[in-house]
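Chain lettering (A, B, C, D, E and F) follows the sequence in which the chains are written, and residue indices restart at 1 in each chain.
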């Protein structure tokens, strides 16, 4: 009955990749902690690069700087 | 002064239903725990079915399988 | 399959009150949005008054000021 | 290595304002708690006014009432 | 630079199991989405069974009923 | 009416430091986005070093390795 929230910057993640991530995390929780997959909830939040900060800077600015 | 976060798969929830949910949860917190409605915050997140997993599978795949 | 997170300052909430809150929120989601109670997850976080701020001030300071 | 999540109603916040917020919060964590800015993550969620409740009412209804 | 929050009912999870979970989720994010492990944050919240609800009932009550 | 959640590893943060953090974040939201301090909620979660992972490793293991 775990709840997992995965958040990352929206880029190019496909449906297939997100499905693989959900399957993988659910399996890990079962393999390591015997958590029941049937009631394991995994929610992915894809966040705009203007809204994600690392090192005091938005991801969109970090990218621009690196490319510029 | 409670904070409530309600997350579910985006489907067809109307403004009226979301308003009723916010009113209902705020009232519950007041009735049961005497929490002050004036500072009770309720935030609803509607999540893409590709980003919500249950039983190790995305909701969009579960639906497709059931209908298919 | 909704996930609800209820956060409030730790005070004197009893097991019975918390159980009533969980039941009430689960029923609301069923009554208003037809969400399946069997997979509705509700998690309560009770937070230390030193760790909760409102109006730029911790709840523990607000209480002290009011009582003092 | 802190994680900060800032949520508010989506209005007219610009990229510059969001960048300033991320910089400011990261600096605060460094100045007050010596947390390393390089691994400080700040994520902003801008929420639809129909999905944000205060005082048992959505923000969109509160605004309509005030203006109406 | 992802942030992952894993929440489950506090039971008997050991340090080793929690470390394995953190390693596993970080690897998944790298293998599937090429996310940089160095800035991947994983936070585990172990929740009191009185504070976790499923099916409208706390986990502590569900257990008591099953055992009783 | 913003909600801010600040999470970091439990170390030696004092009441005064946490109060300063809450005041600082509330002021930032007012100065940058004109958010009303009276309804700004800030919640701090201090997390056990066994439950916080960075770089695929728990903070408690990282520390032990560095000191060992």
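Heads up, the rule we're going with is that a contact is a pair of C-beta atoms (placed from the backbone, for glycine too) under 8 Å apart; a residue touches a chain by one contact, two chains touch by 3 or more.
Predicted, not measured: the structure shown is a model, and the values here were computed from it.
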Chains adjacent to chain E and to chain F under the stated definition are C, D
Computed distance of Cα centres, chain D from chain C, in Å: 21
Rounded Å distance between chain B and chain F, as computed from the means of their C-alpha atoms: 26
State, to the nearest whole Å, the distance from the C-alpha centre of chain D to the C-alpha centre of chain F. 15
Of all the residues in chain D, which ones touch at least 2 other chains? 1, 3, 7, 25, 39, 41, 43, 52, 54
Using the touch rule from the top of the page, what pairs of chains touch, sorted by label? A-B, A-C, A-D, A-E, B-C, B-D, B-F, C-E, C-F, D-E, D-F, E-F
Report the residues of chain C in contact with chain B in the complex, numbered from low to high. 1-9, 13, 17, 20-21, 24-25, 28-29, 32-33, 35, 39, 52, 54, 59
Okay, in this complex, where on chain F does chain E touch? 7, 47, 50-58, 60-61
Show which residues of chain D lie in contact with chain A when the two form their complex. 15, 18-19, 22-23, 25-27, 37-46
Chain E residues touching chain D - in the complex, by the definition given at the top: 1, 3, 39, 41, 43
